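Data first, discussion second: the structure below is written as structure tokens.
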Amino acid sequence: MADLAPPPISPAASGPLLQVENVVKHFPIKRGIFFKRQIGKVQAVEGVSLEVRRGETVGLVGETGCGKSTLARCITRLHPLTSGRVVFDGVDISRLSAGQLRPHRRRMQMIFQDPFGSLNPRRRVGSIIGDPLAIHGIADGAERKRRVQELMEVVGLNPEHYNRFPSEFSGGQRQRIGVARALALRPSLIVCDEPVSALDVSVQAQIINLLEDLQGEFALTYVFIAHDLAVVEHVSDRVAVMYLGKIVEMADTAELFGSPHHPYTVALLSASMVADPEKARSSQRVVLHGDVPSPINPPSGCRFHTRCPKAQPLCSVEEPPLTVQAGDPPGHLTACHFPVAPGERLVGAAPEIKAAVAGFAAASPAMGEEGKG
Amino acid sequence: MSLLNVHDLTVSFPTSDGVVRAVRGLSFDVEPGKTLGIVGETGSGKSVTALSLLGLNPGADISGSAVFEGRELLAMQPDQLRRIRGAEIAMIFQDPLSSLHPYYRVGWQICEAIRNHSRTTREEAMRQAVELLRMVSIPQPERRVQAYPHELSGGMRQRAMIAMALALRPKLLIADEPTTALDATVQAQLMELLGGMQRELGMAMIVITHDLGLVATVADSVLVMYAGRDAERSDYRTIFRSPHHPYTRGLLASIPGAAGSGGRLVPIVGQPPSLIRIPSGCAFHPRCPFAMDVCVRDQPPLVPVSDGEGHLSACWLPPEVVGVGEGADAARRRFVESRRGPAIAGLRTARAGGGAAHG
Amino acid sequence: MSLSPFEVSSQTFVAEEEQSLEALDASRAIEGRSPLRLAMARLRTDRMAWIAAAMIVLMALLAIVAPLVSTLTGHSPYNPDLVNGTNSFGQPYGPGEGGFILGTDNVGRDILVRVAYGARISLLVGVLATLLATVGGTVLGLVSGYFGGWIDALLARLMDAVLSFPYVLAAIVLAAVFGGSLPLTIGVIAFFSWAAIGRIVRGQTLSQKEKEYVEAARSIGAGSFRIMFVDILPNLVAPVIVLGTLLVPVAIVFEATLDYLGVGVGPPTPTWGNMLADDQGSAGFAAWWFWVIPSIALLITTLGFNLLGDSVRDALDPRTERLFATRRKSAVAGPAAGEPISGEVAAP
């Protein structure tokens, strides 16, 4: 197979490892019997720009439908881009064909969320981990086996289990297999799509520690996607918050968690349940109205305005740009017309829920008693 | 007077691979209007506990006692239990598809639930259903009430199920992993709602989860389960500030943001045991860094430990030693040092292959 | 510097986790047991599978030793022998008469020998045609399912067309044009059978294509063909084996049908199909053993393959695992095949 030499690593690199510029990804919705026509599109990612520097970990958080997984797949070119650019280590990979992409794939890998689904159940573990080596023609036969066993040790698996099937391992071990596979080609960038969400609590820490250790040992850069804010805070240097296909706020971790500006970030942070009763009960929970809108028909202007406790008429008309707000450090970007000031309290849907419950309680309180027994 | 008093609950299932001992002598209380958080991972037996209380485990071997308002649940006939289910004790599940019938409209299902337990007209029940959907923050409830479950998003299905559970103002709500399938902001809505129900109606709750964060937020008392038994029980503050059992201690150290961890996470080695082959003595001993010989032989009883009222722990470590941190760990290590013999040595040599230094 | 008790290096993880792993499957070799091997083990405990296999082996043996049978009895399968093969009234012998174990046909040929030779044709055509159809159907099904788009539209419609085509008529026409022969028969059967397999394989491919491991394969740079044949195909082996096994009897009957109609392998080669046809127009001698005996042979063969196919399907389907639990003599140490080794237990 074509064994193109991997592109040279830019020495003394000062430029960012990954540059994402205005990436847009739409999925067409087609209907029709013989010839499918497009009747709409899912606007999964709508103009996202971000930069990832060498050696850092950028966290991506957001809820269902925010597009973080889609963005991850756009970065690794598992999806073709609708528009925008992805520049990896100085090379624009946005429009490359599958064949042209292959050498770049060696430097950019992915770890998936589902430890059960991301490994082929009918292939042995050694073959799964060695697959990248086989595909890129790097090693064969005994040499490949040696390298695979080396990788298994690095991630904490017993190399003697080379010939086992994924079904014979636990969830945490399978995730390690996935990590070993991602490491096989010595990539520079690893995109981790919810790598610990599907694992037992006591096992999550094992994988998080493993990823941290490997980052030091192999000079890795991570894009870390998760919905668990505590995990993201723990592993990331910088964090970007996504909502309905856009980044609404991005800053250094401490800065974002310490002084969030975007109302969505504030709500998200207040909703996350920390395993510390003092903190968990003291913070005012900002409850948002309604549900996340569908990415097929996103709201006009600022996409968050339908649920925002601070929404003004301007918000439904004009989309706020992602910029540095006055008085903020240069790395802290917010996309909001009326960002939350420090110390400001947001009032969400909590009073309405309280009222509804009170109404429910008051209405025929003895209803439950009649006719029972 | 407790609303629910469970004593020595034991549940087993015979299967083709052996007997699954899902619950092995569990005891706990739920006070009216309070929330008990049951914490456990996969394979701890927590879901089975809830299902057994409501007689939803046909074919299981159940023994022990579960007294709800003076009545013994485990001795009841199916039709007696059916009257209690829904009206006095309601349950919500992690997967809303398992309690919502796919072929009937959501509103109809709620109506049925209401009318099964009270004499209400169809119109009145439907009106209540709409109000319930509004209360659980489902937008446009008048329209949604006519929808089929598959037409709603996952979060909305969950909330519809909760509406159905709350319809009859139960005295006790059992929530099995209520937040796992939900987005964070939807979780917040849900917690606000359940908190409101507790305040206004004095509803008690049992929240079963693996999420210590949820427990930290809503629970009044906490029960930590491991391999089908109580590992530790106390009020919510004590569990987080001064845990006694090494499993609790380990969980706190392995969760980002938890009271015990700062900087590097310290995971618990190994994985939860299969409920068919439960380790001898204390089920946690293969994973416990403080294991002693007695732990391999004998099951530790649930005993009170020093610092609080109602703080119980099933561990052979001295009751005075509680808490996270170096001091407590050092005290534990000192205690354990002289009590390790051949049983532990066997475990240790297998473990020490990597060469990490242990105490 | 000693680490706190909970702080362990990643290497100790290996020992820790392996401890529980080893404890659970002490009896299992380090060599992993492939799902296929486990299925074989299950198959071995299935009594019906043994019976079915015996039926097939019986017929296969008969086919193999056909010339030997001919030599031993001294009767040829082809040549009419009115002298030895008919009785004094010119009528064929029944089973057991005149030294013929299964009797003779209307021109005095030994039915046993003919049945044995017929087995050769039936099995050869059945297995070979099925093999061709399976390979062809699998490849085309994979390609169709994986690539989608116009390739899929084309191939899927083609499969539909082939499946709805009146194959008997087509066979008759082709035989009329090219003359009935063995290769033609095999070709016709294979051509009309591949679509059944192709459709199923296409469906399976469509669902496997969405799985995360396929995405993972793309992310490490695997090309389409590699993904199809190295990643997806092993996951299709189970249904393909079942289908193939169940297709063989269909092919055998198809072949017999063609012979019966006179458009398959022609006389004097004996085939079960044309032995059944001999019964017609046999100048008044419609003796029962003309058609009952080849029918029984046909029945045994097709029944054998059908039963084997069912057993293979059961063996490959992990959901019927519980059935086999009761047949296992010794308790297997370790979770059942296909279940992960974790704390999770499928409590009913």
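The first chain written gets the first letter, and so on, giving A, B and C; residue counts start at 1 in each chain.
Everything that follows uses one rule, which is that contacts are C-beta pairs under 8 Å (C-beta built on N, C-alpha and C of every residue); 3 or more make two chains touch, one makes a residue touch a chain.
Predicted model, so just to flag it, every value in this text is computed and none were measured.
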Centre-most chain [mean C-alpha coordinates]: A
Most heavily contacting chain pair (counted by C-beta pairs in contact): A-B
Approximate Å spacing (C-alpha centroids) for the pair chain A, chain C: 47
For chain B paired with chain C, centre-to-centre distance based on mean C-alpha positions, whole Å: 51
Averaged-CA centre spacing for the pair chain B and chain A, given as whole angstrom: 29
Residue numbers of chain C (touch at least two other chains): 10-11, 13-14, 17, 341-343
Where chain B touches two or more other chains at once, by residue number: 41-42, 250, 253, 264, 266-269, 271-272
Residue list for chain A, restricted to those that touch at least two other chains: 170, 172, 200, 206, 209
Chain C to chain A touching residues, read off their complex: 10-11, 13-14, 17-18, 21, 25, 30-35, 211-213, 215-223, 226, 230-231, 234-235, 237, 337-343
In the complex with chain A, residue positions of chain B that touch it: 41-42, 83, 87, 117-120, 128, 131-132, 134-135, 137, 139, 153-156, 166, 168-169, 183-189, 191-193, 196-197, 199-201, 210-217, 236-237, 240, 250-259, 264-269, 271-272
Complex contacts: residues of chain A adjacent to chain B: 63-64, 170, 172, 200-206, 208-209, 212, 227, 229-231, 233-235, 267-268, 270-277, 279-281, 285-292, 349-350, 353-354, 356-361, 363, 365, 367-368, 370-373
Touching residues (chain side chain A, partner chain C) in the complex: 73, 76, 78, 98, 101-102, 105-106, 109-110, 112-114, 116-125, 131-132, 135-136, 153, 155-158, 160-161, 163-165, 167-174, 178, 181, 184-185, 200, 206, 209-210, 213
